[in-house]
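Shown below is the structure under consideration.
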Amino acid sequence: MDKKLKVEFLGMNLESPLVLTSGIMGLSYSSLLRMAKNTAGIITTKSLTLVPRKGHKGPVIAEFNGGILNSMGLCNPGIEDGLKEVSEFKRYSSKPVIVSIFGNSIEEFEKLTEYVNHSEGDFIELNLSCPNVFDEFGLPISASKDKVYQIVKSVKSISKLPVIAKLSPNVYNIKEIAISCENAGADAICLINTVGTGMLIDIKMVKPILHNKFGGISGPCVKPIAIKLVYEAHQCVDIPIIGVGGVLTGEDAVEMLITGANLVGIGSGIYYRGVEIFEKINDEILQVLTENKYEDVSSLPYLK
Amino acid sequence: MDKKLKVEFLGMNLESPLVLTSGIMGLSYSSLLRMAKNTAGIITTKSLTLVPRKGHKGPVIAEFNGGILNSMGLCNPGIEDGLKEVSEFKRYSSKPVIVSIFGNSIEEFEKLTEYVNHSEGDFIELNLSCPNVFDEFGLPISASKDKVYQIVKSVKSISKLPVIAKLSPNVYNIKEIAISCENAGADAICLINTVGTGMLIDIKMVKPILHNKFGGISGPCVKPIAIKLVYEAHQCVDIPIIGVGGVLTGEDAVEMLITGANLVGIGSGIYYRGVEIFEKINDEILQVLTENKYEDVSSLPYLK
Amino acid sequence: MDRRITLEIKNIRKESKSVKTFTFSYNLNAKPGQFIMLTDFECGEKPFSISDCTDNEFSITVKKIGEFTTRLFQLKKGDVLSFRGPYGSSFSLSDKVLLIGGGYAVPPLLFLSKMLKKYNADITIINGAKTKEDILFIENFKRITDKVFFTTDDGSLGNKGTVMSIVSPLLQNEKFDMIYASGPEPMLKKIVDMCDTIPCEVLIERYMKCAIGICGQCVIDSLGIIICKEGPVLDKEVVKRLSEFGVYKRNASGKRVYF
Amino acid sequence: MDRRITLEIKNIRKESKSVKTFTFSYNLNAKPGQFIMLTDFECGEKPFSISDCTDNEFSITVKKIGEFTTRLFQLKKGDVLSFRGPYGSSFSLSDKVLLIGGGYAVPPLLFLSKMLKKYNADITIINGAKTKEDILFIENFKRITDKVFFTTDDGSLGNKGTVMSIVSPLLQNEKFDMIYASGPEPMLKKIVDMCDTIPCEVLIERYMKCAIGICGQCVIDSLGIIICKEGPVLDKEVVKRLSEFGVYKRNASGKRVYF
């Protein structure tokens, strides 16, 4: 790996600023291993829950002009089996692993954290984007700065690993939410999760294409939303940011870094450019650095 | 025009279910006239404000994979001149016109309504998607069911024309907002306005591309969001719906109609397919009707 | 962008008590081994191999096994189904070939055998199942080549025993350029273990959700091969290195289920 | 998708006290009459005609007039600007042609004259302005053809009077296949009114924002012609039918401003 790509993240040295984002190819150790070999700097597991989840019934995916709609429904083998995959991964690779967890309550998040404490994961990421659970004011949890604060705070008080809070883009004021995370002790934030939800209809059968009707939006078309929210978050918190959403090329990655991200997540890009996307983007970042006469990734400027 | 395309909307017979949506090519009478000739069933003016607005400084537009970012900034010649364009339009065409108005307060909306009362417009549309004005709970006006209710109610109490409430997609609960509109007496709702905002960066100059930094998102990638919100609104109100967002083809238009829209708005599609888009989509709708053995647009089924 | 296609069923053919072939008028442009994701928009979307494909129509052959396939069996000609694809890798074509099919996994081999015949290959087919009732495409395969062997566990058709009972002696007497195999994984495992020197392509089934290579559901250990994209047809050299092959698969939650 | 390009200024040439030509290394692939939307990302994005364009570079020629152009004038070689385009319609090429330019609107005619010369056209050029200082491209045009006429209101260069003082007699003596005109709208109006039988193409400037034909800002009455897409070059047959032409234009809010 080219040294110019090296970055530091919460005290760890990464070979590349690219992150395999949660839920993309992250279900099994060999899949994670392959992404790691494809030069991702750090990898994230599928969000793990206390009990295994089969996810929503199919169709769970629909494509449209500019993006992908998905309603996977957080299918995962459960925290115990999920962490076994992480151990197996670590047998073959020393790349850092972010363990993503998803709970429906503070208690669930806490229990999950206990599991992760005893695992070989390097970071813990809280998937806070649950659109179906609401706070006492009717706000989705992900949009409630108080609920977000409470979850992060509780996890932080017991976690042995650095804690990353993953945020939803579907909020009115990302700044408040980001500040809540920082105040609660989060070590980093990751944004964005999927946009929407959206829906598509099969006009011949007069039926929603997704069996779950609604799905979250990802892919190139969410990039402007991700960029905007990373920009706003960067303005108001000092903890590092993992910028995710619609990154397909090295130029996109540099755009994310310049905007305020310390690391750049790759998700749906894998569909558009294959699992080799990490190598491709890393090469393209190097090109952008050369063209614009930047020493290395760490010396990229930040947008004011 | 083919009779199969005819639809009824608030007591008016339209030649086609296609609507020129607000802000797209709607600044001057000749532009509106051209869209009307291009077989739009009904046309909407640019949103008019009490005083002329030059809008934001350029760049005001940026394209990306799947859509367009715009920060026009509600540039318009003001309600007085804007309504003169409507009169001039009416000298040459009898097509119905929706006059879109935008106010920063209930009082402004009321004053604007008085102007429209004395105009040759056929409908009045309230652009409620002001992202920069907040209610007492910190909610953007467009997301506050109470504020939306108050504005619609006030306008409705003085308007001589049927009132259409145009809604923002950037809300947690479209159902509450739609119901507020209906309860306040709105004759129809129109959704969606632009999604986001989003932001894009020029990586060479390390500057936001839009001078206003942020812009609303439109174009094909917003279709899943529009479809979802039209679907939800249709489930909870009985007043007609103008479905807008990412419609590029006859199939998209039929998708919108099946989902719950009575009319279908065309905006950014004009960029992707030219001003002839209305003719093209009308032709394509006829094709879809034939292929699926539907008598006419009015006999299309609704998604359950 | 991948398009979703919604089509009327043009024809339904009963292959056996629990197997039907559905035909659609559409130029799918698929290769043998590839599959489609099929839904009736009631519940579920499932992968099915293409069992035949010409310029103007294609077929899938379905075994009634659970909820989804049971609903398919209630459909009539003219009813509408929706699919996306074709997805995945395909079998390569060779000159002197042996096709080995087991149970309900033979549909892709029917399509393959037709392509091989066009290609003028020298074709031998072994088709095995538990009992006569489960043997598919008897007549179709006979039309492809004289060298068709059937095996049943109970001896109700052809040789009594598994396909291996024919394969082993055959390989001692004849030299094939390529073996193609589709069937239960334990059978495939035996074939792969046996083919030390003979090229061999194997069709592997895994639980599928996205089918476009992003969800990770179908990925197979230890190489992280993405079956929906890089499979379902894999070369035996790759298959041999898969620690998961023949040992376990993953269910809808990603949990391992051992064979 | 239209791409935004950000480039270093390769060269700056002073054309007159208030006019500079900026050159960029880039294969823009533009046609004469087309324009770009230029920004320095400080404030504003403005249309500029392409005044020259080859396979590896292109130029724009800018009159210092307000805030944006004043900032441009402070830039040095190596500074960076960003643009999108080329946009709009272009001039057609003809055999025996007359180019009429007025004031600071001549830059597109320089590019056009070069293309016409390559095309081996028989070229006559009339270039007029208020005073000698404002006449652009004197030497460039002389290199294109011997038949160049200059006019100034004060007689400081060439004929005293407007371009019309040359155009009228010229048209009586010679037959042109095509007249191309770019200049102040009242001048263009006179030319269009005069060209009853001669084909004529006119470059019309309107306030522009989106430049991609969706905002409606640049649309011209009474035909609703979209100047950023269907213009800026229009055939005189169309121009004649525009009630707005020569009468008013619209400012940034869309309000009419009469000439």
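All chains are identified by letter, namely A, B, C and D, in their written order; residue positions are counted from 1 within each chain.
The rule we apply is simple: contacts are C-beta pairs under 8 Å (C-beta built on N, C-alpha and C of every residue); 3 or more make two chains touch, one makes a residue touch a chain.
Since the structure is predicted, the reported quantities are computational estimates derived from the model, not experimental observations.
Asker: Suppose you hop from subunit B to any chain it touches, then on again the same way; how many hops at least until you reach subunit C?
Answerer: Between subunit B and subunit C, the shortest chain-hopping route counts 2.
Asker: Measuring centre to centre with CA averages, how many angstrom lie between subunit A and subunit D?
Answerer: Subunit A and subunit D have C-alpha centres separated by 50 Å.
Asker: Report the inter-chain centroid distance for subunit A and subunit C in whole angstrom, where each centroid is the mean of the CA atoms.
Answerer: 36
Asker: Subunit C to subunit D: how many Å between their CA centres?
Answerer: One centre to the other, that is 66 Å.
Asker: What are the residue numbers in subunit B that touch two or more other chains?
Answerer: 64-65, 204, 207-208
Asker: Just say which it is for the chain contacts: an open line, a closed ring, a star, complete, or other.
Answerer: Shape = line; chains linked end to end, path left open.
Asker: Run through the chains and report each pair that touches.
Answerer: Touching chain pairs, listed by label, come out as A-B, A-C, B-D.
Asker: Name, in rising order, each residue of subunit C that touches subunit A in their complex.
Answerer: 1-2, 4, 6, 37, 39, 41, 43-46, 80, 82, 209-217, 219-224, 226, 244, 250-256
Asker: Along subunit A, where are the residues that touch subunit B in the complex?
Answerer: So the residues of subunit A in touch with subunit B come to 62, 64-67, 69, 138-140, 143, 170, 172-173, 195-201, 203-204, 206-208, 213-215, 217, 219-221, 223-225, 227-228, 231, 246, 248, 251, 254-255, 258-259, 288, 292, 301, 303.
Asker: Going by the contact rule at the top, pick out the subunit B residues touching subunit D in the complex.
Answerer: Residues 23-35, 46, 52-55, 57-65, 68, 70, 72, 75-78, 81-82, 202, 204-205, 207-209, 211, 267-268, 270-271, 274-275.
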